[in-house]
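Going in written order, the chains are labelled A, B, C and D, and every chain counts its residues from 1.
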Amino acid sequence: MSTETSTREVRDEFYGRLKEQELAPLWEVLKGLLPSEPKSKAGIHRWRYQDVRPLLMESGRLLTAEEAERRVLVLENPAFRGMSRATSTMYAGIQLILPGETAPAHRHTPSALRFILEGEGAFTAVGGERTTMRRGDFVITPSWAWHDHGAEGDTPCAWLDGLDLPLVQFFEAGFNEHYNDERQSISRPEGDSAARYGSGMLPLKPESRYGLTTPIFNYPWERTREALAGAAAGGAPDPHEAVSLRYANPLDGGWAMPTMSAWMMHVPAGFETARMRSTDGIVMCLAEGALTAEIGDQTIDLDESDVAIAPGWTWRRFRAAKDSFLFCFSDRVAQEKLGLWREEKG
Amino acid sequence: MSTETSTREVRDEFYGRLKEQELAPLWEVLKGLLPSEPKSKAGIHRWRYQDVRPLLMESGRLLTAEEAERRVLVLENPAFRGMSRATSTMYAGIQLILPGETAPAHRHTPSALRFILEGEGAFTAVGGERTTMRRGDFVITPSWAWHDHGAEGDTPCAWLDGLDLPLVQFFEAGFNEHYNDERQSISRPEGDSAARYGSGMLPLKPESRYGLTTPIFNYPWERTREALAGAAAGGAPDPHEAVSLRYANPLDGGWAMPTMSAWMMHVPAGFETARMRSTDGIVMCLAEGALTAEIGDQTIDLDESDVAIAPGWTWRRFRAAKDSFLFCFSDRVAQEKLGLWREEKG
Amino acid sequence: MSTETSTREVRDEFYGRLKEQELAPLWEVLKGLLPSEPKSKAGIHRWRYQDVRPLLMESGRLLTAEEAERRVLVLENPAFRGMSRATSTMYAGIQLILPGETAPAHRHTPSALRFILEGEGAFTAVGGERTTMRRGDFVITPSWAWHDHGAEGDTPCAWLDGLDLPLVQFFEAGFNEHYNDERQSISRPEGDSAARYGSGMLPLKPESRYGLTTPIFNYPWERTREALAGAAAGGAPDPHEAVSLRYANPLDGGWAMPTMSAWMMHVPAGFETARMRSTDGIVMCLAEGALTAEIGDQTIDLDESDVAIAPGWTWRRFRAAKDSFLFCFSDRVAQEKLGLWREEKG
Amino acid sequence: MSTETSTREVRDEFYGRLKEQELAPLWEVLKGLLPSEPKSKAGIHRWRYQDVRPLLMESGRLLTAEEAERRVLVLENPAFRGMSRATSTMYAGIQLILPGETAPAHRHTPSALRFILEGEGAFTAVGGERTTMRRGDFVITPSWAWHDHGAEGDTPCAWLDGLDLPLVQFFEAGFNEHYNDERQSISRPEGDSAARYGSGMLPLKPESRYGLTTPIFNYPWERTREALAGAAAGGAPDPHEAVSLRYANPLDGGWAMPTMSAWMMHVPAGFETARMRSTDGIVMCLAEGALTAEIGDQTIDLDESDVAIAPGWTWRRFRAAKDSFLFCFSDRVAQEKLGLWREEKG
């Protein structure tokens, strides 16, 4: 018997005894635990809205809002099938609500963001206040805030949902509660939070309505677009970020939510960004324009409302055929708080 | 000789010897140093704009902008004559600029705020960017930022100036520098700071352009008024504060400036606030409406553009004949940071 | 064919088409994603040091430090076999270093903490400074800081290792680098960081040596024990926490590390805590005394150096036969920053 | 009549009418209000403890503690006679308490610091806890915290008092209250705050006992000296600061008090610092050693317990004949918070 075999056998016998004690030899797995740099398990992927939309409408015919509670097609990353994940840490889906329907009131630990894709007359209610949702609006339902949705117009309404579900599951810290009625009672007029927190002014003694989350829960498209156009007028686009602004919490200047970063990148027609990468995996949705994304070794064309995934630590760059506005979200804020976030610019 | 006299003499002789050593007996002055509660030296006062305006215009005829550098009538609190103080810590004045004039570029440690009273076509330039000033706008020139003013319309332009000059003098920390030209060079289009910082969104990595001061340097009246009207719609006015919003720094949610707090109180027609007092002395200017202020033992009517002083720790309350908007500033932010600010609500 | 079957079939066919597009029906999994309260997957478990120690020493005979890089027996939660996890988010292990050995210098994104169990003469070097490790010391190797260990005494040295490895893996944000030598070069005398940051005083302009991590990297047992005894003298123990102090970052008063909370609970002899639970799963190690822990439905006796797991959102309480000191760590700080942490006191 | 005279007369007449309206022409005083750099009104001065001490003891014979409430010789800056100021913003004095005496309990808005010069057996009580004061200790009585002093040993006890009295007066924000007894009741054992906050550990949920002020109220000399000696061993002294550590608030890493910065500079024997200046005026007291200070155009020798003033924006440098430890305090923290503090290194 060779020495090597013998060593192997001795060790295996030892490892067997370790196992009985719920112990394991670190040295056998150390290399796998500490790679020299991140290799995201997530796949690069794009969902064309023109492909998703018919299925979404079909789901509308297939089951009622009551049956579904939330009628959503989950955008499952091919690498995470059956796990309801768009990236390692983020959930994404496309939600549909039909005229006259209600997505009933509940609250939960996971935070949710909405990026509105189509429809007129839908609303989200949060903490006793309603907001009307229009294409391009960025709407937040904060962690543990009561929320419900309804559609009171004549058209189906659809939006991109982003949640930190995988993250909350990983931390095993999720709570969920149903409201005692379909819709929560409304105690403030529409626009109250925008008036109090969204004008550059703030209450004398601002108390956070929603913990670490911004008290503004609708950042309207019209204003976002105008801000980006204004910023674009102020100088040449950044080589890597083009013209990017993030949705912010006016109470502290941080990101709008404690677990999910959301921002909008405006790439002017003809501009091409230099490649960069960051440790956060990004869910992107084209709000307006026509954009070509190079992500890792793939080239992906994005039309309006298409969604794509750029996995963490994967090179990315963008080229705009028309003036383009790309909505993005990721776990960047969480990584920053935990001291994990890094970027590299090529 | 009585014992008392003798004690007195012994002490006086001792105090004399102390004095030679630059020493003083605390016990002789302790009571004066530690009053049981603040008694502001500042007087209650009101300046009617209808009285000030003719003198302001006369000053415009009397001397050129070049001669004046800044053509300002200082609002001197009667208790602080010759000291250029509106309250113990704050300076206030009314500035005039005539069509075609320039108030030349300089920068200084004291922070300045402007509340625009009248005129069309005047601008302030700060840090390479211009902003047009309109009635009711709140404009900031941050500590140590280059700034100049000009009037390019057809009307005289006047505004209320607020500075922390007495505070900077007290700390003996003031610097001042003249620009090498009348007007600073402009490197960013008008609206750049509003687009980047004033939309509820922020740059990805916000760097403060002006230290502890907000990067937004014009909070336009239209927007302020709309925010206050919106907030008023959201519920009954606060018994003491009516409907008050403060000008905020979007980078941290704090006050817009590190040494001066500024806010706007909206008192709806017919509403009367309950009395309150706070340790900060307040400079007030009526932006719109008609308001009666009770300050200490005085009752003061305020018409548009009138300015009044509410000394620190003096009871105040307000009654509105019409929908009224009262611009206020004080050293509250400084007192808060230093752990000194207190209020009492009656 | 029943309607139910038919509906099932229709839906299954639809789900099949969804799958082709990397879509999934949320309504089929929603309940599982949003439980009403957390149910930790982690098992309750205890490792007796008297059982682990012989295996640890055997590992010392079985392979050299060079072979192992780190000679550690991983404490694998029975619920996470093969995953190197003590809880959902935390790694724990027992490390051994023998006289004359070196655990070679490297650095990595995961943060590590050590709680010293036995031995004399071992050191950890961090950022160019060495610290001698003694029983009960709490030693930190911050994220991305070079570190190596060595034993220069006559006895084997063992310690509990805690790392945020599962968390860094989940975020796919881990980097790792080997130093170009066995041991890093030493540029500061032992005690430098303790002198500059650990005395209640701080440098005039403190710069963080290690990002979000405390600049102190050894909190000595003698001092910890004295602080807890002092705090115990100051009043009755808290009903739930007994006498607990956390290792703190002197630069901001927060937890010592950005991803792992560590604290010491002192339960005086005869004291029994009331039950409580929190969303963080806790790794506990008895530093001194004899303690009975009730965790969920289990009663566990802890002798010195024994390690146990209290899964998240599981009721726990403690009873001390002797004056006891329980070292604890968890992901609480991460949950707090992300707005996820909750506790309930019975 | 010359044009100039005429202009003068016209203006004077105008200024007279302004005065009637409590208005003043800014242009006549602007230059004085905005100097190009600070010129402190404070004088450079030194008090020799050998000169002050006999007078201090004489005051002890002259009046009882009851008569004095606080038996203190105020160190009045020659430039601020009768104003109880050591610098523009800071008060300093030397306090004496004789065996068996009590300085009765009160509380006030001004914050106070003590630097102990001599005596055994004196104590300060703050917030229900006593601390014994020994030579070199840095003791704090936070704003609005009940405090009293007593001497229970056999020797007179003396210390340097520093207060932010001028600052609180300037802001007109001072309150004062007497306790209903000579001495406050004691609710915590000596050392409680040091155990809970001063060990590098902190309570799980630290609540500030004293607002913005550190919860530690005695930083003992032994520990301060050891920390400085340890820091000195770690590398060459800084050219300008030698080896300086500041007293810190463990809850946030900031200065120990919200209005007064205090630090200790250790100048090793033979070391000479390069000149520097800063906008804060500094009160200095030599704790140990023998030091020569160059302040502006003066050279001042400092023996133990001597006190000196370095006015703001005045060049200073130091040369140590022996290992020296210089206690310093100023309004630096206030200036920093207000965005006013600047330094220049020569």
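Some points to look at:
Keep in mind that, in the parts below, contacts are C-beta pairs under 8 Å (C-beta built on N, C-alpha and C of every residue); 3 or more make two chains touch, one makes a residue touch a chain.
Model, not experiment: these values are computed from the prediction.
Graph distance from subunit B to subunit D, where chains that touch are one step apart, equals 1.
Listed by label, the chains that touch subunit A and also subunit B number zero. Between the Cα centres of subunit B and subunit C there is a gap of 52 Å.
Subunit A and subunit C have Cα centroids lying 30 Å from one another. Spacing of subunit C relative to subunit D, judged by their CA centroids, is 43 angstrom.
Of all residues in subunit C, none touches 2 or more other chains. Applying the touch definition to all chain combinations yields A-B, A-C, B-D, C-D. Remark: subunit D residues 10-11, 14, 17-18, 21-27, 29-30, 33-42, 45, 47, 51-52, 55, 58-59, 62-63, 67-78, 81-82, 84, 88-89, 93, 108-111, 143, 165, 167-177, 211-213, 258-259, 279-281, 311-313, 331, 334-335, 337-342 touch subunit B in the complex. Residue ranges on subunit B touching subunit A, taken from their complex, read 188-189, 191-192, 194-196, 198-204, 206, 216, 219, 223-224, 226-231, 233-235, 241, 244-253, 263-264.
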